[in-house]
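What follows is a pair of complexes built around chain A, which joins chain B in one and chain C in the other.
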Partner chain A sequence: MSKSANIAAAGHALWANTPKVNTELFALTYGSLITEILRDYDQDISEVNVQLERIGHSIGVRCVDELLAKSEVNGINIPMCRDLRETAEVIAKIGFRMFLGVNCDVGKLTDKSFSLYLSENPLNIFVELPSMSEDEGGSGPDWNQLKYSNIYCGVIRGALEQVNLKVECSFVRDVLRGDEVNEIRVNVKEVLAEGAGEDYHEE
Partner chain B sequence: MNNYTPTSGSTPRRKSLVLVGTPTNVSEPAFEYLLSSMLHWVEQECERQYTKKKTLEAAQLQTKNININTEAEADTNDNDNDNKEHNYSNTEMEENKQNEMKQKETERMVMIAENAAAKMERMGYDVGYRLSERLVQNKQMTPVTQNNKSPSPAMLQLEAMKFICKEFWTEVFRKQIDKLQTNHRGVFVLKDLQFRWLQRLPGDVELARIMAIKILAYPCGLVRGALANLGIVAVVSCDFLADGKNMSACSFNIKVKA
Partner chain C sequence: MNKQESPLLFLIVGRNEPLYSSEFISNQKPTSDSITRQHYFVMHSALDLVDKFAFTYPQMYLKTVDKVNHQMVSVFLTASHVKFMVLHSGKGDDVLKQFFMEVYELYVKLSMNPFYQFDTHITSKDFDDRVRVLGMRYLL
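Coming up: the complex of A and B.
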């Protein structure tokens, strides 16, 4: 499976070549963003999830350009993905590796969907979701509904949109809720036609 | 590849209390994108809240006006006269209306910008507060005194400032502050001539200046939060020192509250 090995090696090489920033700063910044969103939306958890996904979308759009540009600069050739498995591998092994330095695995691959497994998540290193106390009853927000790292779903959706894949991502399992691993489920909705119209096609 | 091998990047001088295996660094683009998306979101949010507030006010004004109008109609019988007077000053009213709209528009932009900056500063405060707590753990900060006297508040402030300029700035921006000036009476000026987050802005572009000022709200909060955790209450403001060529020079003015 030399192709997988190449993809993994590319991920490591790109990670080694990017300038780095302290993880704690990153995690704390994200935490303060979540606090701010919660404050602005009156602790409406579902709305917070939506906002996080939207913010992630604009980040994802730029991540794709960064990935392709940096790999060109470093002389790493990422061949065009011929099927969904290769796309998933590139996201997991190159994308997550070069931006966050974490290992990410692909699984549950079908024709139209795949899962990404994240064992370490730099965003939630300091985080603990508050538990619902029994006296409050139903008055406090349901913290279990908060998808803390939902920004990743937006990033993946935005990035794949730039390469003409319309997908839906959601967080299926979350370490903050007690599961062992973070699992993101990605479903391909459709393959979009080329963005610009016929007028823009090169002769 | 199922085994995770830790990446190089953990700093040996500080013990990381983070879970074993999670890297101590993320890539700079990841953080930069997060920060700029946050800025964008904060602006949109402030705009939304401002519009909401204004429509609410307008609605309340509307109901008030309706109440006044019904009272007026009940009192007077000369409605026709009133209408004639209004027609004469129509053009005047148009001009006034336009001026009013321009005024409202500038007021709106200014309010939104101020709210956005305040929000970013508040977020920076939280982050700076927590980050400095982590960074101070292994550092000893006993100022050198003559004759074993207990250090004066001014010396303690200076020690705190040196911490910010060296350790804090290094952790956050991978470099130290270039110049520290003080008047020994609670005012400090920190100059960074190659501020990382502003380095990619194009020179001589007015929009870049505006963006730079927006971006600088966050580090002001970072410094204020870090100082607060060290027990120093201060007001932090920032100035943009760019001269058209070097867009990344800036200075932070810190006034310690006596």
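Coming up: the complex of A and C.
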């Protein structure tokens, strides 16, 4: 029990030491990013979801080093994760807390997957998905398919890839679609082997 | 039966056309079509007066810009020249000002939505519901 208290405390301490940005600016910037991508891909919602995930991936691969470096600098020791539960706790309590300042809970833990619950999401504070009018019928895009915060899935996938965990990440519940909480499901596909590729093996 | 019916019309007008409208009727008797069309006509003719006051009056709330028979048009002008107009018969200035300020807050929140493009029709059901609640509270 004390280990999870340590992790939560580490998260709060790291959040206190990171430089902050205005929430509204952050949300509005992300909103414009979404509308730009929508325009680029001609309102093709599934393509937009894929692009968001890809952008998140590039962010995620840098996040792990950032997290470990910041904690070293601040004298906080994050012990190596021995199982999936500890990995999930670190992502939720330290990762989300440190980078976004939000509270994130872990749930539905099995030995190959877990869920992350976000009650508050700084990205969608002003957002309301456009309603589909009846007369448009099938011509307008299906806004319910848009995974507005899909960037988080990419970040988690990218970050875990750096620590040799290949995962699949997706949004199963979204407050913009009417659910009470945001839920991200993370499934571990495989644990990658340590080390560099074949070319670097010694003869 | 000379019951003063005082239907109230609230319009949000953008650069070129109305973006949102809602009617508040105090008694449940439905007004006939011709009366409602006349209301829109009165509002339209008040637009010129709004433009006249826009650059001379320092406040956003322009109070009453026009008076036709017993009906008055009061206008609130936002920084981006979106006009909130209310057609009424003798509501107090303070009450209208409060109504306009609250609608302005709702409008600002709506415009922060990345999916709402400036100067387009307002189709959000949430916005509509909230404006109706405000209208019931302040204008009736």
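Note that in this section the second predicted complex is superposed on the first by the 195 of 203 C-alpha atoms of A that agree within 3 Å, B and C clash if a C-alpha of one lies under 4 Å from a C-alpha of the other, contacts with A are read in each partner's own complex, and residues count from 1 in each chain.
Methods note: contacts are C-beta pairs under 8 Å (C-beta built on N, C-alpha and C of every residue); 3 or more make two chains touch, one makes a residue touch a chain.
Keep in mind it's a predicted model, so treat the numbers as computed, not measured.
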Considering only touches as defined above, state whether A:32 meets chain B (first), chain C (second), both or neither. both
Scan A:128 for contacts with chain B and chain C and give back first, second, both or neither. second
Based on the superposed arrangement, let me know which partner A:40 touches: chain B (first), chain C (second), both, or neither? first
Touching A:82, do we find chain B (first), chain C (second), both, or neither? neither
First, second, both or neither for A:100, with chain B first and chain C second: first
According to the stated criteria, A:120 is in contact with first (chain B), second (chain C), both, or neither; which is it? first
Per-residue contact with chain A, leading partner among chain C and chain B: B
Both chain B and chain C contact which residues of chain A? 24, 28, 30-32, 35, 126
Within their complex, state which residues of chain C touch chain A. 109, 112-115, 123-126
Contact footprint of chain B on chain A as seen in their complex: 8, 15, 18-26, 28-33, 35-37, 40, 51, 55, 58-59, 62-63, 66, 98-103, 105, 119-122, 125-126
Which of the residues in chain B come into contact with chain A in the complex? 1-2, 4, 7, 9, 18-19, 21-31, 33-35, 37-38, 40-42, 45, 49, 119, 122-124, 126-127, 130-131, 134, 171-172, 174
Considering only the defined contacts, which chain A positions touch chain C in the complex? 24, 27-28, 30-32, 34-35, 126-131, 133
